[in-house]
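These are the structures in question, set out in turn.
Here chain A shows up in two complexes: once beside chain B, once beside chain C.
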Partner chain A sequence: MSLWRIILKSLRQHWLSSSLAVFSIALGVALLVSVVSLREQAHNNFTQVGLGVDAVLGPKGSPLQIVLNAVYHLEEMPGKIKWTYYQKVLQEPLVVEGIPFCTGHSYAGFRVNAIDGRFLTDFEYLPGKHFSFRPEDGGEGKPFENRDEAVAGWEVARALGIRLGSAFNPVCGVRAGDPVHVNDRIRFVGILGRTGTPHDRAIYIPMTAFYTLEGHGADVAGMAVDEQHREISGAYLKIRRLPGGALHPGIMDLKYNVNQSPEAQIVVPTEVLPNLFSIIGWVDKTLLAIALLVTLLSALFLLVALLSALRERRRDLALMRSLGATRRTVLGLVLSESVVMAVLGGVGGFLLGHAIVAVGAAFIRVETGLRFSEMYLSWADVFLFPAIVVLGLIVGAIPAIQAYRTGVLKNLVPVS
Partner chain B sequence: MNCNILTVVLACTLGVVMAASGGCHRTDEPKAESKKASGEEDKHGHEAHHGGCLNAIELCSVGHAEVKLEDGVLRCWFVGGENETDKSVRVPDEEIRLTVRLDGGEEKPLVLAAKPIDLAGEKVGDCSYFEGAADWLKNVKRFVATGTVQCKGKERPIRIEYPDGYDPDDQPDASAGGGH
Partner chain C sequence: MAIIELNALKVRYAMEGEALTVLDIPSWHVDEDEQVALFGPSGCGKSTLLHVIAGLLAPSEGTVRVCGRNLTAMSEAARDRFRARHVGYIFQNFNLLQGYTAIENVLVGMTFSPETPDRGLAEALLAEVGLAHRLKHYPSQMSIGEQQRVAIARALAKKPELILADEPTGSLDPIRSSGIVAGLRTACRKHGCSLLVVSHEKDVIAAFEKQVSFLNLNRAFAVQETPA
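Right, the complex of A and B next:
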């Protein structure tokens, strides 16, 4: 009988304790895999991607709030900045491009942002990538040109079933119960192709539409033509880059200079977002610790299962020894059994973990528009199987040594 | 026998977990100490936002002059005290006259002129940024400059130690417990 057949037979003989041990390992591994994967993807989304925005010119207030509002279409902008100040910043040699916007409106739970039309045509939402209206990219229609026209992000169009030509009334605010601009009917002329970014979760209207919405009053309506009194929520800034692609270091001076002004501030998303992780870092550390503890407990469970199986098999092992099996064969048998159970648990945990990530990624994509993938391989995946084999060997060591020491004569003594 | 083994394994596991959690606390402190000692961070953890060196104006709590020397141009930003080195401090001086003592002991005058930061709405007489240029500065690697500046309502002496920065708390005769 081969080693593998003996192992399979033993597993079958103690199927309940074996499957419970495998299941507990699978649970621990699944938790570890899913926590690490979601944590790494969240970190990548918030710190590395940058979403095409080198810097945000925004009002005074929380930098984190500004980034969440401007880039992720969450939260609310803490105020407004003057158009004339934005123009002054644009004159800085380091600033390559600016895209002004006004936030604060919504429709059916999605943000309605007034934005410069160049956002839809020239803006790179990721390096080298522009918004597309082509059907093969999931888009249709064209950018807005007139006051009463709008463009929907891919996720908004999908969620609300928006078709070209359908119309909506924007809500003046982002909270439930905020007043609706009942006399302002805005028609969708374009749907953006999927970008896999939070930009999929917003509706875009022209800046003039924002100022001239009914109910905003004469002062705001006047801002559509009067640049001296015009206000905006902020602007995306593209900063000059060095030949290697890195941001020009002069951005630090520019940021300092603007931040001394009582009117505005420059926020660099890739600087601010790591703060978010320092605030909520304890959550994922706690989850990671729980996952590690569960894995540790499942290893202990495996140890208990192996020890109890060994207790029942002392006679079998003694018989094997009497038939010519060496001490090393017995040692290898128990170690292999431990590794097989650990690997089975690892495979199950890997699959279960990625299933959890798939569900979580789909949920996060819908809720935030962030790019999460169930196929993402984290460091936990890379080290999973070598670690599982080592775990199996460590856990199996104690029962294997016991089996190694099993006395032939003592255990072959008739039991009755 | 099995019970004994289990007890040992559980005890070891608990030991590892406790050592790991305890270890975190122990390793943090030496890290901070070694960072401070190696000079990776500025004195007292202040950050020089322009990449220059920070020089306390009388005391760290009053303010700092952040100084940077590039191509014979001495750039000087007056910034806040303590950890507020990212906030400008405007001074009414139109120029700041410094006496620069070079490494060899030679002394030279240098005038820093107010260069208002337009984006911050500054103007001469209400300005936080100054510049001074001289040919002899181009090859200078180290100097000590002294002068005065109107800061926070009174004329105060400034001492610029380039490139290390100046902190009165670090001076040999500084009283203990500098308030940081």
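Right, the complex of A and C next:
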């Protein structure tokens, strides 16, 4: 019989306390794994996805609100900017390209954004990546051309079962109960291939469609032709880059000049988004602290289980000593038992944690459109198994030392 | 050749600040292949002597040589390894691991010796003590006599040169006691190992050719061999 079998045998003998200890470790580890994974993926989503837009020209107001609305299709724009001012910014030598858009409409819980047609053809949602209508990418159809045509993001099409030719009436607003443009029927002519970005969860219509929606009235309809009075929600700006890919440092001056004006502001997503994490940092840290606390408590539970098992096993260990097991051998047996339970809990927690991420990812995708993967490996996953072995060794040390000190004669034989 | 050699052996315990000598044996030996019965009153040090010979207890003075090795010069871990390889030990009670079947108990007996655990040998030994049909039974499912026979098989499993049995029949009735001891003696002869049995049962002791009694000499105990 190998020492390994003796360890498994002992675990089976104390299956209830062993199982509870393993389960408690699994819970602690699962919480840790899932919190860290969601935290890291959220950070990646908000920092990497924003790179598709060098800068956003938006109205005065909260820069974070502008980025969340323009890039992530969340929140609402704090106001509007004049088309003429946008044209003026476009003349700046550092601005390579601009894509104007109007937000504020929705359909079935998804945002309906009026946007310049170049968004569908020229815009890079990630460096070097353009939207695709190819079936192999999950798309179909073509970009919109007329005011009564729309293109659905991949997630919207999947969630609402949109097919080419199906039509909808946009809602004037983004809240439940906002009025519907009952006389404006817009037909889907294209579905975008999957991008894995928030752009998957919006519907896009032409700018002209926005101004000429029947319920908007004559003043807004006039903006379709009258550029002097036209207003937009904002514009994605492509800024000149230095060789090597970094944004031209002149953007700081441009941003200063624009932000000094009462008309608009330039917001760089990669500068603003870290603020989001400083705002929600306390939630993040609290969750991490809870996860660590649960893991610590589960370690204590493991210690109690081991000590309890040891009390019942002293005679067995003494008997093994009488059969020739050295003190180091019984120390190793108890330590190994602790490590085995910790590793079993770690494996269970790893799987459970990623299952939690999978469930959480589904909810987050529905609520925000952000994509999280249950397969993502965070720093917690990388260090999990070495850390869990160390935890098992530390927790097992106390009962192992007690086992080491177990006296054969004291625990086994009556002296005659 | 002597399998056990004791010289100027003393074992003392500290009792309320004073050293109490519980064993004092100037010189004694057991020859190879010999089977010896030790007897004496309760508390006279019989078990203590077995513990010393098994390396479970280090003597306060003197030398203990077992199977040609000087145990008194060994560390505790070395004595453990020595016991794992050379000495089989049978206790009166608490003999088997309760969570292990008969075959597993025998296999555990081999685990700590250098020999690779041999399931075939374990089964053969259990068959030899009449328990071929009890391989997968737990101690709680066996009688005390059967448990002792498992313990005998376990002691033999590591192919020891010496078996020490401390009151192996203490919990049995006289008829069963004689049967168990007779089986143990036969097995030891067959496997070529020496046997030292501690007992207080006259029938058990009487069966041995060499009997050794403990005598009380000035608060210490010594051994005196009684010819058969």
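The working rule: the second predicted complex is superposed on the first by the 412 of 416 C-alpha atoms of A that agree within 3 Å, B and C clash if a C-alpha of one lies under 4 Å from a C-alpha of the other, contacts with A are read in each partner's own complex, and residues count from 1 in each chain.
Note that a contact is a pair of C-beta atoms (placed from the backbone, for glycine too) under 8 Å apart; a residue touches a chain by one contact, two chains touch by 3 or more.
Quick caveat: nothing in here was measured; it's all calculated off a predicted structure.
If you put the two complexes together on chain A, you find that chain B and chain C both fit without a clash.
Contacts of A:P127 after superposition: neither chain B nor chain C is touched.
Look at A:I398: by the touch rule set out above, it reaches chain B but stays clear of chain C.
Looking at the shared chain after the overlay, A:N259 reaches chain B, while chain C stays out of its contact range. Contacts of A:V89 after superposition on the shared chain: chain B is touched, whereas chain C is not. Seen from the CA centre of chain A, the centres of chain B and chain C span an angle of about 110°, rounded to a multiple of 10.
In the superposition on chain A, no contact is made by A:P386 with either chain B or chain C.
By the touch criterion defined above, A:G217 reaches neither chain B nor chain C. Legend: residue contacts after superposition of the two complexes on their common chain; A:G245 is shown touching neither chain B nor chain C. By the document's definition of touching, of the two partners only chain B reaches A:L303; chain C does not. Remark: least CA distance from chain B to chain C after fitting both complexes onto chain A is 22 Å. On chain A, the surface touched by chain B in one complex and the surface touched by chain C in the other have no residue in common. In the complex of the two chains, the chain A residues touching chain B come out as 88-89, 92, 252-254, 256-263, 293, 296, 300, 303-304, 307, 311, 398, 402. The part of chain C that touches chain A in the complex is made up of residues 42-44, 46-48, 51, 54, 56-57, 76-77, 80-81, 83-85, 89, 91-100, 104, 107-113, 117, 154, 158, 166-167, 198, 200. Residue ranges on chain B touching chain A, taken from their complex, read 2, 5-6, 9-10, 13, 17, 49-51, 77, 86-88, 117-122, 128. Residues 1-3, 6, 9-10, 12-13, 315-316, 319-329, 408-409, 412-416 of chain A touch chain C in their complex.
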